[in-house]
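Encoded as C-alpha cells, the structure appears first; notes follow it.
A, B, C and D label the chains in the order they appear, each numbered from 1.
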C-alpha cells in the first residue's frame, strides 16, 4: 500500500452507517468526517448511542450483518477502502489497522493459549513457523510489559486478570506493526488503577512505534489525558473537534458544554454537574416537564441507538456547606459492628467491618471490584445473613432475624436499596407502575385503588419519572428512566436508610449527573440516610459527608470526605486517588 | 470446509459398504427364522420355550416318535401310530400293563458311547423324579415313579403301568423323556444337583440327529448334522448338513426374508403375510389347521354375571363369528362354529374339539340376556395378552362392537403376557380370549386338562360333576365304542354349559422355499427338521 | 400480551413463514381435535369387514383397515386423543418440573441436592424402558401412559427450570422484591416463575411432539392405548405389520399425521424461541 | 499438568457423587419390577401340565417365595458379588447375556452417533453461517423431519425400501450375515474385530449390516445435535473473540474452524454425551426392528415376561454407562475447555 505523502493516515468523509431493523432503516452514523495523521492520537468521545463505536467498526468494516456504510468515503493511506473486497480488508486487518476492544477477557478465545493467539495474529499476515511464532509472541508479551512472559505464553485468558488480558490484546493488535490502532473503550470495566497502567502502556507503545491511535471512549477525562485531538460525537454526528485543553476549558457546542459540566472533577459539586444555565439536551426537554401530561417521548423502545433522556435539574445548588456538617447530636441510625461474611471454601468477602451512619447522613463506601462493598450493601439491607457481627438499626439488632424472615420485619420498609444495573433491577414482566407499587402493596398493605395510584404517581414524580411512562415495561424505557423507576420504588415506602449500590455505574455521565442531583435532593427532602457504594471517587466525594475506603473485604481508611480526599492517610487510598482522571490537557508524554 | 468434506466422504464410504451380500450356495444348509427364542438345551428345565422343545427333538432321541397321517391332504403327526427311534421295537403285554422295548444295537451318543438301557432308565427316572417339566406331563400317561422302569439287559427295557393307559406310549414320544448319556450326565452331577440340571441346561448329552455348533440364546442356534445318526425313516442321516435357527422378532421381516429366499422356512408369520405369500405363489405355503388346539372366548364361570348360563349363551349368540374369523385370521384356520347338530346332540364323541352349532343371532342373544335378568345389559372387561394382539385386537374390537348391540358394554384390556397369565392363574379375569393346545389331543385329555379342577389350564373355572365323572371314566375306557359314547355326552354337555365359546383352530402357516419337502405338522407346533429335505 | 409483543410476534411471523405455517397447522390440529367427530365421513369405530383393507379411493380417502374401518375418519378422530395425551403429559411434567426446579434453583442447598439426586436417578434410567416398565406396572390405560410420559419428561423440566431460575436468582429485581417485603417462596412463585415460563413454553411445544412419539412407541410394543380407540401411534404400529404386504396406506397416513403434528409443534417451538428470545429483538 | 490433575480430581469427584444415584437406580428398579403385576413364575410355568407345583418350583428357584425386603437384601448382596441373576427368557446368567450383547448395542450406538454428528455439525454450521437464509430454513426443516417419524416406522420403511424393494441392503438379521464366519473375539465390536483379524470381507459384511439401523437411529438425534450446533455456532460467531480474530485479519477458515467452531463444539460435546446415553437406552425399537442382538431388545423381552433379573441388570448397566459417559464427557470437556475447574 502506498502512502500518500503528507496526507492523513486515515480520512473519513461524510460517513453514514445504516442498520436495517424491523422498524426499517436506522441511521446510526449521520455524516461523520475526521482524519487522523500518522502517529497521532485522536480521541472520539460520546455517550452511548452517539455512534462512536459504529464509526470505528465502519472503518474496519467489522459491522454486524445488518449494518452497512450507506454513504461517504473512508480513505486509508490515501486509498479508498470504502468498497474494499473482503480479501483486501483481510490484508488490512491486523497488518495496517488493528483494534482493541472493551471487555478484554471476552475478546480473547477462551480455549486457546495466549501464545497461540498471538501467533495466530502473526501468521495471518506472515508465513512463520510455529517456533518462530512462539518466539515472537514472547517478544510481544515482553513489549506489553507482562510479568513472567514465558509462563503467560501458555496461559489461558481465564487465568489472567482483566488488565493482563488487555495487555495480551494489545500485543496481538501490534503484532504485525499496524499503522493505526483503534482502541474501543479499552479500559471500560477495569479498575481505576489498572485503567491507568493500561492507558499508559498504550500511549507508550504508540509513541515508540509511531502508530496512530483512535481512542474511543465515553470518559472525557481519559480522552483529555491521552489524546492530542478530541472529536465529540452526538447522535451520529461530530459536534465538535478540538485540542483537549481548549475543548474542556472552552467548549463551543452546547452538547460538549453539558458533557463537560456533567463529568465530575476533583472540585466539582453536585450543582455544577448540570447547571441550569446550560440548555438541556433536546430530547430531555420533552421529558423534563415532569408534571405535564403525555410527554412526547420520541425515543422508541428496544432500539440499540436510543438516546438516554433525562431530566433537567430543578432546584439545585443550595446547602452546599450545610451538608458537610452534621451536628454530632444527630441520633445514630445504623451501627455496623465487626461484620464478617464468609462463603464456602473459606472465601472471606467481608472481614471485620464496623461503621456508623447517623440519621440523614450520607456515607460513601469506595473500593475496587472484589473489595466487598456490594456484599456489605446486601448485608445491611438484610438480603443475606452475616457470618459474624451485629447490625443495629435505630438501636435494634436487626441481624438477629434471619434474612429469610426479614421481609416480615416492621423495619423492612425503613431500609431500601437501589441497584447498580437499572435494567437488571426491574422485573421484566412488571410495568413501571407495578414495580413502584409492589413495595407499597407488600409492605404497607395498600390495595389497588385511587390511593395507591396517587402514591405511585407521587413517587414517580419525585423521582422525575413522567407519569405517562408508568404503563411501560422495562424494555420500553431508557437507562435513565429505568434508574428513576428503581429510585421511585426504593423511596416509595419512605425508608429512613437508602442503600445505593453503584446507582449510576451503568449510566452515561449526563444521565448520571441528573440522577445524582435527584438523589441529593431526595435525601435533603426526606432527611434520608444514604449508604452510597461506588467505585467512582469523584462521585463519592460530592455525594457523601463521610467515606469508607475498602480493600479485600476490610476497611483501610475512613473519615470525613473532605479530609480523606484532601489528605489520604493510607497508601491504598492515595493510589486510588492518583489513578482518578480529571479533565484537562494531555499529560506529558 | 473440511468438516463438510469429511462428512461427505464418510457418507459415501458408508453407502458403498451397503452392497448386496453375496448369495452363497447353501443347498445343504437350512435357514429357519422365528420370532421366539431358544432358552435351554434341556427341554425339561422349567421355563423352557417352545423353540427349546423343538430343538431337543433334533439333539436328543427318545424311545419312540409319533407317526404321521394325512388330514385334509396335509401331513400331521399321528397320536395313535408310533415309529421307533432308539427302540428298535416294542411289545405291549395283553393286559396292557407292561411295555417291553428292544433298543437299537448301533445307536451311539454324540461322544461315541453306545446307548444302553441304563441310559434309558436314568433318563426316565430323571423325568419322573427330578424337579423337571416331564414329571407333570408323564403322569398323564400313568408314568409317575422310577419303580416302573426296569433294565432287563443292556438293550432291553421294561415299563410297568398300574392301569392300562392309552396315553402311556404317547407320553414317551413327547419332548420330555429324551434319552441322556447317563455316564456323561452323572459325571456332571453334584450332590445338590444329582440330575445334572444345571449342566444339561447349557450342554447336550444326547444321541440326536444334530449336534450343537453354536448356541446364542435369543439370537442364533447353529446345528451340525450327526453323520452317525440313522433313526430316520430311510436309515440314513438327516438330509440337511446344517440348520440355522435365527430369532427375528419382527414378523414382517421374517416374511421379507423368506420371500427373498434368504430364509428357507418359517412357521410363525402373521396371517396377512402368509396369505399374501400364498397368493404370490412363489413359495410353498402349507397351511395346517392346528387340530390339537382351540382358540376361544372364555368366561370365568364362577364370576357374576358369567355364572349365569343365559349370559354365556347370549354372548355366544352375539359374536360376529364370520367377521372375526375373516378379520383376525384372514380365514386361515378351521372354524369351530356354524355346525349343524341334530336335536342338540353332538354328532361325534371320539374327538374334541368339534365345531359347535353356533351362529350370530342377535335376537336370540337379546332374548337370553333378558332371561338372565339383564335386559339393559351390563359392563365388563375383555382381556387378551399383548403377544396375541395381532389376532386378538381386531377380534376384540368386533366383539365389543357386536356386544354393544345387545347392551353389553365392553372395555378392552390388553395385558402384558406375564400379567395375563398371572391373572388367569389367580382366576381374576372374567372375560377374555386365549388359546389352548394339547400335545396329546385325545378327547379325554382335553377334558381332563382344560375343564376340570382348580388348575391354571381350566380357563373357564368350570366345575361340573358330570363332566368330571365322564372324563375320568373315559381315560381308562378300553372299549372305543363306549369311549365314543362318553365323548358324545361330554361334547353335548360342554355345548350346553357353554363354559367357553370355541372360535376356531388357527392354521399353522409353514412358508418355505418351494424346494423344501417333507414338512409335517407336529404336536409341539415346531418343525421336526429331521423330516425335511431339499429337492 | 402487550401490543409490542404482538407487533414483535407479527414481525417474526412475517419474516419466518415456516413458523407461521406451523402455527396455522397447530391451530388446524386443535380445531380438528375439537370438531373432528362431527365432520368425519364414517364412524371411526364401526367395522365393515367385507370392505377390509381397501386401498385409498374416492370413497375411502385413506383406505380401510383390517376391520374395514375408514382410516381417514379414524385419523381425524384420533387427533383429540393424541393431542390430549401429549398435552396432559407435558402439562403435568411442566407444572411439577417448573415449580420444583424453580424452588431448587432459587434456594440451592439441601433441597437442591436431594432433588438433584432424584433427578440423577431418573436421568440414569433408560427412559423408554422406564416408561415401559411404568405402563406395564400401572396398566396400559391412557392415564397411565400420560403419567409415564410425564415422569420421564420430568427431569428435563426440573433441570431446565432450575437452570433458568439459577441464573436469575441474583438478579437485581429478585433482590428488589426481597427488599420490597417478599418472602423467598413468593419471590419464586410470583417473580421468577413467570419469568422463566416463556423459555419453558418453547420446551413444551418441542416436547409435545416427543410425547406423541413416545405414546406411539409404547403402542408398537403393545403397551399403548387399547383397541378400538383410534390413536395414531397404535394405528402406525398396527399398520407397520402390513408394510411387508404392501398395504402402505395403513402406515403411511397415520405416520403422516404423526409426522405433520410433531413437525408443527417442533417448528412452532423453534419459532416461539425466536419470538421470545429478546436477542432477536433487534 | 495441573489441568490434568484438576480434570482427574473433577472426574473422581463426579464419579463418587454419582454412586448414590446408581444405588437409587438399583433399588428403584428392584421395587418397580416387584410392582409389576405379572408373576414370572406363572409365565414361565408354561409346560402343558403347569400346576401349582411347577409354579412354586420356579418361585423357589427365583427366590420369590421370600418377603420383598429380604429379596432386596439378597439382591444387593448378589450385585455386590457380581452376580446379576439368571434370565428365564434366555436361560443364561444375566451378566453373560449383557456381556455378549452390550458390544452390539454400543457398536450400533457409536455408529449412529458418528453418523449423526457428521451430519448435524455441518448442517448446524451451515445454518449458523447463513442465519435466516433458505439454508437455515431447510436445515431446520430437515431436522424437524428427522424427529417426527417414530424410529420403528422409519426402520421398517428403510428395510422395505433398501432390502425388500431395492435389494441393496443385506437382510436385517443381526450384526453380520449368518454365512459370514465370526471374527475371533477381541473387543466384541465386529468392525474392530474383523479389522484386527484382517478379514476385510467380513468387515464389509458387518459394516453393511450396521448402516441401516445406525442410520435409523441417527435420523432421530440429528435434530438436537444440529440445533445445538447452530445455536452454539451463532453464539460463538457473535462473540467478541471471533470479532477479535476478524479484526486481526485471520483467514475466514481459521476464524470459523479454530475460533468459532472449536468453541461451539463444547456444548455439542455435552449434548452428544446425553444423546449417547439416551440412545443406548432408547434404541429398543430399532434393535427390535433390525433383529439386532443388543441389550435393549433383550430387556424389552424380559420386561414383557416379567423376567426381573435381566431388566434389573439392564437398567443397572445403562445407569453405569450413563455415569461413565458423563465422566468421559467431563474429562473431555476438561481437556477441551481449560476454564473448567473443580466446583
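We take it that a contact is a pair of C-beta atoms (placed from the backbone, for glycine too) under 8 Å apart; a residue touches a chain by one contact, two chains touch by 3 or more.
The model shown is predicted, which means the values in this text are computed figures rather than measured ones.
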Top chain pair, ranked by how many C-beta pairs fall in contact: B-D
Chain A and chain D, separation of their C-alpha mean positions in angstrom: 50
Chain C and chain D, separation of their C-alpha mean positions in angstrom: 24
Whole-Å separation of chain centres (CA-atom averages), chain B against chain D: 38
Computed distance of Cα centres, chain C from chain A, in Å: 46
Chain B: positions in contact with at least two other chains: 252-253, 256, 259, 386-387, 416, 419
Chain C: positions in contact with at least two other chains: 15, 136, 139, 221-222, 240, 243-244
Multi-chain contact residues (two or more partners), chain A: none
Chains touching one another, given as label pairs in label order: A-C, A-D, B-C, B-D, C-D
Sites on chain B touched by chain D in the complex: 1-4, 6-7, 10-11, 14-15, 17-21, 24, 26, 29, 31, 33, 37, 39-40, 45-48, 52, 131, 133, 136-137, 139-140, 201-202, 216-220, 244, 246-250, 252-253, 256-257, 259-260, 262-263, 386-387, 416-423, 425, 437-439, 449, 455-457
Touch list for chain D against partner chain A, complex: 239-241, 243-252, 254, 258-259, 262-263, 266, 336-339
List of chain A residues in touch with chain C within their complex: 21-22, 66, 301-302, 304, 378, 381, 383, 404-405, 407-408, 412-413, 415-417, 419-421, 424-430, 438-439, 442-443, 473, 475-476, 486, 489-490
Of chain A, residues touching chain D in the complex: 60, 62, 86, 89-95, 98-99, 101, 103, 106-112, 120-121, 124-125, 156, 158-159, 169, 172-173, 175-176
Complex contact set, residues of chain C against chain D: 15, 18, 117-118, 120-121, 123-130, 132-134, 136-137, 139, 209-210, 213, 216-217, 220-222, 233, 236-237, 240, 243-244, 251, 255, 258-263, 266-267, 270
